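This structure is in structure tokens; I'll ask about it shortly.
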Amino acid sequence: MSALVAVIVPLALLLGLWSAMALGAVRLAGQLLRLAPWVPLLLLWPLVAGSAGEFTWPLLGMRLGVDATVVPVLVLAALAWSAAGWFAGSRITEGRRWFWTGWLGALAGMHLLLLAGDMASFYVGYALLSLSAYLLVTQPGSDEAWRAGRVYLIMALAGEGALLVGLLLIAGSLGNAPLAELAANPAWVTESAARWWLLAGFAVKLGILPLHLWLPLAHPVAPVPASAVLSGVIVKAGLLGWLRFVPALEGEPQFIGQALLALGLATALGGVALGLCQTRLKTVLAYSTISQMGLLLTGFAVAFLVAGERPAMLAALGLFALHHGLNKASLFLACGCAPGASPWRLALFALPTLALAAAPLTSGYLAKTALKDLVALAPTLPLVSLVLSLTSTATALLMWKAFGLARTQTDRSIGLHPAWPLLVVAGVLVPWVYALAGGLALEFAPDKLLASLWPLGLAALLVLAWTRLSGAAVRLPEGDLVVPIERLVSLLGGRLRRANGTRTEASDDEDDTPHTPGQASRLVAQLLQLEALQRRLPVAGLALLAVGGLLWLLTLFGGR
Amino acid sequence: MSLAIDLLIATGLVVLAWQALVGGSLFRGIVMFIVFGLTMALAWARLGSPDLAMAEAAIGAGVTGALLMIAYWRLRALGANRPAPRSPLRARVALGVGLLSAVLVAMIGLAAVGAIGPGGEAGQALAEALPATGLGNPITGVLVIFRNLDTLLEVAVLLAAYVASRAVMGDDKAALPLPPAQDAPLVGALVAVLAPLAVLVAIYLLKAGSQLPGGAFQAGAVLAAGGVLLMLAGRLHPAPLCGVGLRIALVAGTVVFSGVGLIMLALGQPLLAIPGTWAVYLIETAMMISIGATLVLLFAGSAGLTGTPRR
Amino acid sequence: MSHAEVWVIAAAAVFGIGLYSLLIASHLLRQLIAIKVMGSAIFLVLVVAAGPIDGALDGLPKALVLTGIVIAISAIAFALALLVRLAEVTGSTSLEDEADDDR
Amino acid sequence: MIAEALAGLVFLPLLAACAVAVVPKRAVGVFVWSGLLPLPALLLPLTEAVWREGLVRLAVAGFASPLGIEWRVDALALVVLWLNALIAVFVGLYAARDYPPGSARGGRFWALWLLLTSAMNALLLSADLFNLFVTLELVTLAAIGLLVIDGKPAALRAAMRYLLLALLGSLFYLLGVALIYGQAGTLDLYQAGERLGPGLLPVTALVLMTMGLLVKSAIFPLHGWLPAAHGNAPGPVSAVLSAMVVKVSVYLIWRLWLWLAADWQPAWALPLLGLLGAGAILYGSVLAFLQVRLKMMVAYSTVAQLGYLMLLFPLLGPLGYSAASYHLLSHGLAKAAMFLAVSNILAVMGTDRLDRLAGADRRLPLDTLTLALAGVSILGLPPSGGFVSKWLMLQAAWAIDGWLWLAVILAGGLLAAAYLFRPLAVLCARPATAQAADDGSPPSATGLHWSGVVALLLALGALAAGLAPAPVLALLERGLPPGILP
Amino acid sequence: MNSTLLFWLPLAVVMVSALAGIGIFMAGEQRQGLRTMLNLFAAVAKLVLVGVMGLAVLGGEAPEFRMALLPGLDLVLRADALSMLFATLSAVLWLVTTVYAIAYLERGADRARFFGFFSLCVTATMGVAMAGNLLTFFIFYELLTLTTWPLVIHSGTRAAFAGARTYLVHTLGASAVFLVGMVWLYGLTGAQDFIAGGTLAALQLEYTLQLKVIFGLLVIGMGVKAALFPLHSWLPRAMVAPAPVSALLHAVAVVKAGAFGLVRVVEDIYGPELIAALGLGLPLVIIAGFTILYGSVLALYQRDIKKRLAYSTVSQVSYIALGIGIGGPIATIGGIVHLVHQGLMKIALFFCAGIYANLLGIKKIDQLDGVGRRMPWTSLCFSIGALGMIGLPPVAGFITKWYLGAGAVAVGMDWVIGILVASTLLNAAYFLPVLKRIWLHAPPAAWPADPTVSLLEVRGMVGAALVVAAMALGVGLFAGHPLSPLNWVTGIAAGYFP
């Protein structure tokens, strides 16, 4: 029951806000807005109550409930979203209706997504989330926002299309199956390629390498709280999708797991490489999200390499997601509060960067070690763990760049919003609390500490070397590959439109001359002349005699 | 011998038909037509049916000829007699029509010759049923008793022709022009003798009709001829309105015949059964009056007739 | 009733001439005469083709012919009235020279 | 009881006509309506009798067929009698507006109208070949008299041409009768049928009679006189001409070929008659589409629809027979309604030229509706009577695999759609000028004149024929011609 | 219920709007009060009657009106589950559209003619829904063509006539083909009423070739009105009709009659087994699939709102054909339930298009900038409709796509999912930019036309749009509800696949 409430409240709020605005009751709208930040916390209620509801009426028979895989993302969503909501409540001034429609829509989608117990509801939540996110991305209304929005929408829809194909393939045999049943006996996997369609669909949301193009465009351009939520929470929906719809079977051929592993590592390193070439802080952070998601993929790939490791994988990935979500959200909020204005703010900004770089004793170290242990389980080449550590170095480099950019933002007039420090604290504490609750082995064994320390040292060494040597930084436009693709599309579009131009819509403007019969053409004139001829008596007589004669012959001789 | 006479009359008919219809002036055509009518009467006589001969002579040649003449005169009075332009089309089609009608004639001739044979069953039935009716003349028997519906409808046709020609006239004109009366002395005397004679002959024909050749149609035609004579002699003039008496005369034939027929039906007899010879005479006189009046009015081309000339 | 064939052939010939003239003649009056002539020819065929009943020609067709003659005269009379009216209104006595009359 | 009904059908209008010719103008109205209105009532007992026995016979003047004249009423005759009665009454009601019985022309009009009705009843009853000739003459004279009652020059010339051709047709018919009497010795149509085989003479006689009747019913190559005559006739007259007068001679062609020549199996002649019909359908429709004047268009539509009646011959069979008879009925009603509506439009708008009638439906909503409803029946779209006949004809064509006839029937329907929707589109168009002047209220529709209502009733009759054809079809099923096995 | 009521009820349902139509014609142009009252009364009465009949059907009885029409052939109006579905849809939407039309034509001309033919058209639609055999279906099917023609030419402009002419050419051509098919069918099998599961099932494939040709003819006959690919070009051109006409007719009555006809032919005449046996399902799916893509692609290029909606209708209606073509219980349910969904969604879109055109004079898509601010509620309805069209949950379109996809896979036609997803993307491609313009663009300085409009007019139109949008949303959201169209159709499909 509580789950249903959690889903319905944001929608109700959206409708109330909407009609208030439409009817012009601004005062009522203001009051409703003040409620908005606290709605995400409702998520915690079903977590606590743990009730599972089944309602046959809505959609195709909606099941709601909370289960193990969704808990970390649930907590992350509750915390990050409410903080961002608090921040947005005071900071968003113009285009409020547009923003809040997007915000509450996304929130409702996320709620439904998290609490969904059956495929249809999950897909409904996911679709609502994607569509509302578009509104958040295009909220500023600048040209750049429109471009980002267009790219985002195209890729989001493509992803959703793939998702739909996968879901329908499953629905063919199982109908609107509950998710539990899906995970329990994945018999349907072998029947069709549904699994791979779903993998690709969710990969778009996670920004895995070839499909990441929209992320560096969309996240930075959105208003600060929206970027925080986008990068922090919404991206994790993709992970949830993988966990639910892409189960690994026993005798999975090895090359699949290795391919995924490689893709994850490539994304991690690629994200950092591209991030280093950026000039804007929020874009750097966006690329850092891409690389972190790559790491998640490596963790996920393990399930394909070694059987029976699902609980461990769930715990590790959940922890990592939680850690990354909170810290990334706080970093984005920082962008809204001029981090470079005072040393105190710089310190606040530094904490999450260190966590992300997996400095020892931070939540990052915790998550990264869990991840490394997970990957170690898989019978892969030793090279993989080495590369994994290198990713920490890379992230550290990226964080250093971000820190550099943050220092330049020294506009003191922008106040420090309390939501930022709150989120930073949560980022530090909550992963630890979760790890303890989750029962993860917390060793502080020296080799683990050392293993997390040397990458940082290497990173510091590289930074020093880099600034000494050239000082020139390589510049890349945001969204890297998107730019050439866009140019290609506009070229193609132009030619298509020109070709189509000739066939523009027939001008059917409403000229209202009455309908008059067409002018008689020559044939018609001849026909009328023939008719006039038949009127004359001699011709009629001739016709009569001819017909009579023919009839006489036929009757007399044709008869027998 | 009789074959020669028949051949003569037959070829005469064909030649006269050709003369009337092809070539020559219109007036000559009309005159030839009247002669053709008379020859036709001769033919009927040769074929042993005096009734038909009288009818053909009186109506076929006499009244029709008069109508044609008065129409020709009126057309000339209206100046509408200029010959129509000879359209090229007609020349081309003429040959075709001629050829095809020749084929048609051959076909009809062949068929008709084949049809010649002993009298049909209807003829025998007539011969047997006639004595029962007390009539001598089979034609009157057929006309009034056996196939009386035809005769009734035929009088109705005559009435329809009159009303239709009134409809054609339209309201604006009282009557069509008539040639000025000839006031030469001899005409007056001639008329004074002939008019009563016509009435007398008509009555005689009517009475004799039941036993001997004659009958309502011939009597009516003679009356009409008398009327036409009076008109031409200027004694009788067309009038814009049709007097009540004349109207009753016009519809007398139809009304009396239908009346008798319906009364008999009411009395349980079959429809249009004729009770006796008195009924035959009653019907015959009514028809005579109707036919006479209608033909005269058709000749006059006016709604009614009056004795006094209009100023 | 002798030599019925003679009459029948003559009647057929007269009918042919009438038909030819009706279709070809340009003056309406002549066409009406043609109709009357064809009528007479048909009556001839009707009576002669019926054949003799014990010596004399069958009486029934003769009665029909009488009716036919009266019908013919009434039709011709009406046609003449129509012709005169047509000549009066349109000034033409022929159906050939009229232009398209339903303009 | 039957004899009185039959007598009434013929003599009531006849005597009424005589009365109209005699009585003073004031009293004409009474006789007109007393002559016309009882006609449908008289038909009721007759219908019941035909339903019971299938055939009603009456020897006029008590003498049996070879000598006397015999009246026979079977299903087909009854259907056409009903059509004649309905047309005479309803179109008569309409005509009372243009030719009030009291007026000068009224007297002549109603005399001819009653004579025409009586003559058609007599024709439909009679089974005697010569009597048919006499009634045909009376019908022709009365019809042409009505045609020229307004005295328009175009009408006069059309009447003259119609008269000449009609007389020519009658002469051919009479010649055929003469030959048949010569051979068969009897004038009764059904007796002659039994006595004559398919020899040279009977075939010649039949062909001559058919030629005469083809001219009078304006079937395709010989239709030259119809458009001018029906197009220029006054409203009610054109309605009765198209709905009844032309149909009567087609009815006689059916009688000759299906009863008299029932067992001659003229295997090749029937398709020729069918082809004439097909030609009529296609040629008439195309010309109807090309017409500029509304009345001429409807007249050409008659030429086309008569083609359907001739399609009976190639599709000979119970289905084809009931289809053609039903088409005769439904077309009569629909065409009469259409002519009345068109004459209303002509009266109110002053012209029936299509290019000057744009937006007329505002002023004449009822007549546009009548035109549309009648159009539906002419098109053969459900739920009209036209559809029923088209449906049965299609089934008949399918039964004998007559794909040509199937195509012609469908093409006829589509072509009819072409020439019928064009005027409807013009009527409902909004001319630019009218729109500009549309600031005030739109031109108010002319009041609901009862003459418009009469036209609408006829159109609804055509539609109703579509909804309740079962009784009529059952009746026709009963009176099949001898040549056709049920 | 007693038997006499059961006999006359179907006829009453069909004829109540006909009587209203005739009354409206009689009332004439000036008496607007009487006309509105007649209109509303008839709409409500019909809804009540349909409701009563629904109860009877639910109660297991089968109300049936039978009249001997041709020897051996009857005019049958019968209420079975499928006909009730379409009848209820028509009755409900007629009431809503009447309210909308009254408001829309407040300042229009020729309203008597409009509403008269409007009522007759609904009579025809109801007749199509209730028809018990193919002949009755054909009669009302043709009546529908006739009564819609005057509505299409209502505005009387040249474009209207061009559109009407195309409409006529297509529909009358199709009726000729349909007639030949029907005659042939009756020739083969004799006159039979519709039987769930197909009347021809008992034919044991004697005339396979002829049955295939007949099926082709019947599909062409229905295909024109159901706007299947080669026969669809009349629909966009008929968009010149006023908005209420486009709304009810081209989104619900005419187009649905064609689709409904297809369902009848496939399910009630041939029956699913025979269709599968003769292999007729595949061609239908291929044609429907191609139409779906073709319609969507063409919709991309349209600048005029109603033209774009028209092409979207062309593609959406083919879902129904796709569903019954695929066969199998799930896809058939998807196909038939789309009858209701598409009706609701499309009518909402047309209502909004009508409001934009009537109140703001907006006809082209690029005039739609910022209209969301000026008319928030109308734009909301438009958005719900548009999202439904794309197939985004929770609007009704999603349910259909879900069932069609699942059904296709269940039968083994996986490639159909490709079509569904492609069409979803194409729909998004031509609807989302419109939504973007409506909501996210700045409004122009002045609207093309801003006539002073009475409150009644605005409330009537927007109210109707809102009601319909709400229904579209509700049907989608509460698809599981026992009374929802989805469960209703599941019951119907149970009849076809025992």
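Lettered A, B, C, D and E in written order, each chain numbered from 1.
As a working rule, a contact is a pair of C-beta atoms (placed from the backbone, for glycine too) under 8 Å apart; a residue touches a chain by one contact, two chains touch by 3 or more.
Since this is a predicted model, take the numbers as computed values, not measurements.
Asker: Are the chains other than chain B still all joined, and if not, how do they split up?
Answerer: one piece
Asker: Measuring between Cα centroids, what's the chain most distant from chain E?
Answerer: Comparing chain centres, B lies farthest from chain E.
Asker: Closest chain to the protein CA centroid?
Answerer: Answer for the innermost chain: E.
Asker: Counting C-beta pairs in contact, which comes out ahead: A-B or C-D?
Answerer: C-D
Asker: Among the chains, which has its CA centre at the largest distance from chain A's?
Answerer: Ranked by distance of C-alpha centres from chain A, the top chain is B.
Asker: So what's the Cα centroid distance for chain C and chain E, whole Å?
Answerer: Those two chain centres are 68 Å apart.
Asker: What's the distance between the Cα centroids of chain B and chain C, rounded to whole Å?
Answerer: 13
Asker: Between chain D and chain E, what distance separates the C-alpha centroids? Give it in angstrom.
Answerer: Computed from C-alpha means, the inter-chain centre distance equals 42 Å.
Asker: Provide the C-alpha centroid distance between chain B and chain E, rounded to the nearest whole angstrom.
Answerer: 73
Asker: Scan chain B for residues touching two or more other chains and write them down.
Answerer: 90, 93-94, 97, 101, 104, 107-108, 112, 115-117, 119-120, 122-123, 126, 146-147, 150, 154, 157, 160-161, 164-165, 168, 170
Asker: Return the residues of chain E touching two or more other chains; collapse runs of consecutive numbers into ranges.
Answerer: 155-157, 161
Asker: Among the residues of chain D, which ones contact at least 2 other chains?
Answerer: If we look for residues of chain D contacting two or more partner chains, we find 67, 130, 134, 137, 141, 144-145, 148, 151, 156, 161, 164, 168, 175, 178-179, 181-182, 185, 200, 204, 208, 227-228, 359, 425, 429-430.
Asker: Which pairs of chains touch each other in this structure?
Answerer: Touching chain pairs, listed by label, come out as A-B, A-C, A-D, A-E, B-C, B-D, C-D, D-E.
Asker: How about chain A: which of its residues touch chain E in the complex?
Answerer: My answer: residues 18, 21-22, 55-62, 98, 120, 123-124, 127-128, 131, 135, 138, 141, 153, 157-158, 161-162, 164-165, 167-169, 171-173, 175-176, 192, 500, 505, 508-515.
Asker: What residues of chain E sit close enough to touch chain A in their complex?
Answerer: That would be residues 155-159, 161-162, 237, 240, 301-304, 307, 330, 376-377, 380, 387, 392-394, 398-399, 401-402, 405-410, 414, 417-418, 420-422, 424-425, 428, 432, 436, 439-440, 476-481 of chain E.
Asker: What part of chain B is in contact with chain D in the complex they form?
Answerer: So the residues of chain B touching chain D come out as 107-108, 110-112, 114-117, 119-123, 125-126, 129, 145-150, 153-154, 156-157, 159-161, 163-168, 170-171, 244, 247-248, 250-251, 254-255, 258, 261-262, 265, 269-274.
Asker: What part of chain A is in contact with chain B in the complex they form?
Answerer: Those in contact with chain B are residues 533, 536, 538-539, 541-542, 545-546, 548-549, 552.
Asker: Would you mind writing out the residues of chain D in touch with chain C in their complex?
Answerer: Where chain D meets chain C, its residues are 67, 130, 134, 137, 141, 144-145, 148, 151, 153-154, 156-161, 163-164, 167-168, 171, 174-175, 177-179, 181-182, 185, 227-228, 231-232, 293, 296.
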